[in-house]
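Next come the structures, one after another.
Each of the next two complexes has chain A plus one more chain, namely chain B in the first and chain C in the second.
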Partner chain A sequence: MNELHELAQLLEQGQRQRVAALTQELLGKGVGPQTILNEGLIAGMAVVGEKMRGGEMYLPEVLQAASAMHASLGILKPHLLRAGAKPLGRILMGTVKGDMHDIGKNLVGIMLQGAGFEIVDLGLNVPPQKFIEAINAHSPSIVGMSAMLTTTMLNMKTTIDAIAAAGLRSNVKVIVGGAPVSQKFADEIGADGYARDAVLAVDKVKQLLDTAAWSMPTERLTD
Partner chain B sequence: MNRRLEQALNCRSSDRFPFLPAIYEHKAWFVGETPSRVCRDVGLFTTAVLAEYERVQPDALTIGLDVYNVEAEAVGCRVTYYGGDDTSIPAVAPEGAVFQGSEDVASLKMPDPKKDGRMPLNLEVARNVTRVLGREVPIRGAVSGPFSMAAHLVGPEHLFMLTVTHPALVKDLIAFSSEVIKRYGRAFIELGCGVVIFDSQASPELLSPQMYRDFVLAPTQSIINHFQQCGLLHVPLIIGGNTTKILDSYLETGGNNILCDARAEVQQFVERCSKARRAFRRNMDSADFLQRTPEELHQRALRTLEESRDYAGFILGTGVVPYGTPLANLVAIREALQEHKHSE
Partner chain C sequence: MFGKAPKPLTCGFGLQIGAGEVYPELNFTLPTMLLDETSWPSVVSHYEEIGEMIRRAAKRLHLPGLMVEFELLPPMTERAEWGAEITAVLHRHLKQAHEEIGLPCALRVTPTDIRDITRPPELRSGKAWEEMCRSFDQCAEAGADVLSIESVGGKEVNDEAMMYGDIEGVVFALGVLAPRDMEFLWNEIVALCAARNVVPGADSACGFANTAMQLSSQGMLPEVFAAVIRAASAVRSLVAYECGAVGPSKDCAYEGPILKSITGSPIAMEGKSASCAHFSPVGNVAAAMCDLWSNESVQNIRLLSGSAPEAYLELLAYDCRLFNKARESGTERTYQKLLVDSDVHESPQALVLSPESTFRIASAITKESSHYRRTVAAAREAISVIRDATMQHELRLRAREAQWLDKLGRSFDALPEKEEGLMKAMIERYGHLFSPESYGL
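Let's look at the complex of A and B:
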């Protein structure tokens, strides 16, 4: 449908108001919320992700696109819930203790949300205990941790160890990322996955969920 | 007087390449203290810088522990400090930003480096260290770059959004930040120190090369030009991440001793900096400095030095050294520099 393609393009351009208006218009015409999500928003964010990786889009433009996506999601959410739509999985995310950088983490959250996942964002400077409490409260499939500093990246291991000590390690897969983090470091600290950028994070999450041996909690969507 | 760095900045050979490890929060480790305590205590901070010099023997010292916070805090941003034995690095959280985005930039307070925030403390440390070390080693005050300071004032993500929605406001914020930076840097210069400008929020990992030119280049040129008029011959400009895409702009800023971070393309830097007769600092990746052995780091340093192609404007550096990095690891890198000289 041309209008869904237009929605994807407007999202890519970060046209928040026009994306919101077109979302309303499509719903009014009887287009299903899941169709709007899949063929409009997710399709648009996929292009944004590819352009970001290719150096055609940078953070300011990606944030604009994300803002447009959130405007549309806000309209779609009650319709999706009524229709019984389910996200692909629930991801708990946070920047580890001592680290106040959240742009990278937010970017990953945007791309995951844009790919159809539900995000529970714990914010920044998150101590291990808060991760544990959130795992108990939200039963995520995956826990994503971010660190921007060579000093704070070590708190990823502290957090993974704390999750294990709380008896929750087998309940979740852990994915890590951030400027100083590498696959080697991820392996050393016992993470299940590492992604170099936000687009690869989506691929990694999908890969981890494909191999996950548990049923994904999908009963609700969050903002 | 240490002439090794001066020679490199003039793209002239000396006994060996200079060593400029990025030691900021790790300064606190040298005195067995936390970054939050050291950055707020003149005595501890001074002792830490002197201990860094004695043990690591870098070819220049930087007065700055929680770089980027100082100017923003002096304007009114709230820095989060940590108590007890928590060695986390003080930082301005997004909610600590002083500017919300809807008010007039003119309403922001222009800080006085002699009075506001921790500017006087940092200047006092510079004065103390200069008094002890004299002209033995270059001493440079750390100052924010204009984009990074603006990012702290309004919150980084907010600033990136504003570059698209309210570009004129971003330019106003950057202009305000530039004036703060000029005043703070000038105060270091009046003490006989140099300055180092840090502007990693303007990295092309976040901001497009075109946006760098549109928003950041001219204000940075203005700041560097101001410091040169105040008497500095060389003004280092540090932008982290892979800056290869903005290398032309980077050179146009007028900065000397620019950064070729671990992910940047070193051969591009060698070729273009040699044409422009500029020095650059090649960083070793410091992500695993805590895990590697001295022998491994020694070998890595030798490999990094091979990348220099013996360009006289080459400086060996590191990414930010993590708090708690064993001294032996840094000594191993310095020894590789000495060994490289002998192998020529």
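Let's look at the complex of A and C:
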């Protein structure tokens, strides 16, 4: 459908208002929310992701596209929920105890939000207990931790150990990131994933959840 | 020129900075380890080891002078006695080096700006502010010769605005919020330094412009944007001097040459020999006007040669021999030109740090009187510098970079004449991120 292609293109251009307007228009014409999501928004964001990886788009442009996606999702959300879809990806994020660097973590959060995931951001200098309380309160699928210092990165392990001691480790996947962190370190501390940057973090989350942001029950796939 | 500042200063154990020679400024940090009460004895032993190494290596390398920087980690600032204990350790070793081999040396101590531990940051009162003040005071008492900080006022807005490419937001953060915090903070630091007879060093726009540089290196921001933010960030760093700071500026303050052009105070810089801490496109040009030459930070780990801090001290020592030999032989202009020419054609970020560019940007700043207008003027001049270089085929920008340069030019030209013209919109857009009281608004 040409209009879905147009929606994807407008999203790629970061045209928030026009994306929102076209989303309303498509719903009014009876196009299903899942179709709009899959063939318009997710298709558009896939192009954005590719262009960023290829150095053809900078972060401000990606975030404008993400913002447009967010605007459209806000309109689609009640329709998706009515159709029985559930946002699979609720992600809990925080910079670990003792560390006050948060721009990388914020960036990952914005990118994930743009891709349609739900973010619960605990902020910076987050002690293990606060992660545990938030897991209990929000039931996230993934816990993302960030550290920028060699003297705080080990608090990622402390936090993972605390989550395990609280009996919650099997409930969540854990991803880690930050300048001094590596895949090897992630493996050593028992994390499920590591991402070098915000774009790869989105890929890693999708890979860990094995899904796009919204999933429909099989019987409702035709909307 | 490197090594020479119109207003040289003497600090610590007879270290004259900006009086002709360039000296190494050695920085270091801990290896991967937790920092808590149980690990504290091990932490102290790392700094003891580094102190011993400095004495040994200074003798081996025949160092003509040395600045050592101790950059506190957040828990060392929160617990002032911890930062003071390490300060005393390093002071003792430098004193011993001075007594044993006559090494002119000084200790710069940089507490962490922990005020952004809460969001929105509470900048003028509260627990973090009190802990930070205590840290400054106790480090001064324990033997710091120079006090510095990488302050973060305005960063909470700049981070967001920068990521979204919002020029109004960036200017609001750098030209309205940050200078207000700098004025408050540096009046306090200068008063404390006067009471403790310590040199009030200077600040760094690290959290602003180096964040842009790093995002640019990851392909997330255009290089021209990072270059313009660099120039604009000099205005907030300049406020420290307006309040009484005398330098040397912080090593990670790549805006240093602009500050030196305006204030005449000596500057610390870092470039190729700081690749242990981070990469940059300004490895050589950063050295063109330096008075101290730094490695930024390196973990205290073993390398084949010895400890990493010793390896980097040797690297800095050889770098400094070249600066000083060039001056002695009267070839400093040639050497400076090589440092500049080897970088400025490769990157707009390098271009805006050349002596010629920094002088243009400094001149644009001094023609204006308000922090807001100075910030806009610095940015516009940086854009002009880059445009001129591209028109003269001295710098080639990729098509997308060129588009961004045009976009930046239009955005800065469209800004209101006075900050009042931005205030309402910015409070609506970013009011959730900052507390007006923290900026006296």
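Points worth noting:
Everything below uses one rule, namely that the second predicted complex is superposed on the first by the 171 of 223 C-alpha atoms of A that agree within 3 Å, B and C clash if a C-alpha of one lies under 4 Å from a C-alpha of the other, contacts with A are read in each partner's own complex, and residues count from 1 in each chain.
Simple rule for what comes next: a contact is a pair of C-beta atoms (placed from the backbone, for glycine too) under 8 Å apart; a residue touches a chain by one contact, two chains touch by 3 or more.
Predicted model, so just to flag it, every value in this text is computed and none were measured.
Looking at the shared chain after the overlay, A:I110 reaches chain C, while chain B stays out of its contact range. Of the two partner chains, neither chain B nor chain C is touched by A:Q207. When the two complexes are overlaid on their common chain A, residue A:N38 makes contact with neither chain B nor chain C. Judged by the touch definition given at the top, the superposed model places A:S139 against neither chain B nor chain C. Of the two partner chains placed around the shared chain by superposition, chain B and chain C are both touched by A:L154.
Once chain A of one complex is fitted onto chain A of the other, the partner contacts of A:V181 are limited to chain B, with no touch recorded for chain C. In the overlay built on the shared chain, the residue A:N171 is in contact with neither chain B nor chain C.
In the superposition on chain A, no contact is made by A:Q13 with either chain B or chain C.
Of the two partner chains placed by superposition, chain B and chain C are both touched by A:Y58.
Applying the stated touch rule to the two superposed structures, the overlap between the chain B and chain C interfaces on chain A comprises residues 55, 58-61, 63-64, 98-100, 102-103, 106, 124-125, 149-154, 180.
Contacts from chain A toward chain B in the complex involve residues 14, 55, 58-61, 63-64, 67, 97-100, 102-103, 106, 124-125, 149-154, 179-182, 184-185, 188.
Touching chain A in their complex are the following residues of chain B: 25, 80, 82, 86-89, 91-94, 156-157, 160-161, 163-165, 204, 206-208, 211, 241, 245, 285-291, 319-324. Contact residues of chain A toward chain C in the complex are 52, 55-56, 58-61, 63-64, 98-100, 102-103, 106-107, 110, 123-125, 149-155, 158, 180, 197-198.
On the side of chain C, the complex with chain A involves touching residues 29-35, 73-75, 112, 114, 116-117, 119, 159-160, 163-166, 211, 215, 218-222, 299, 400, 404.
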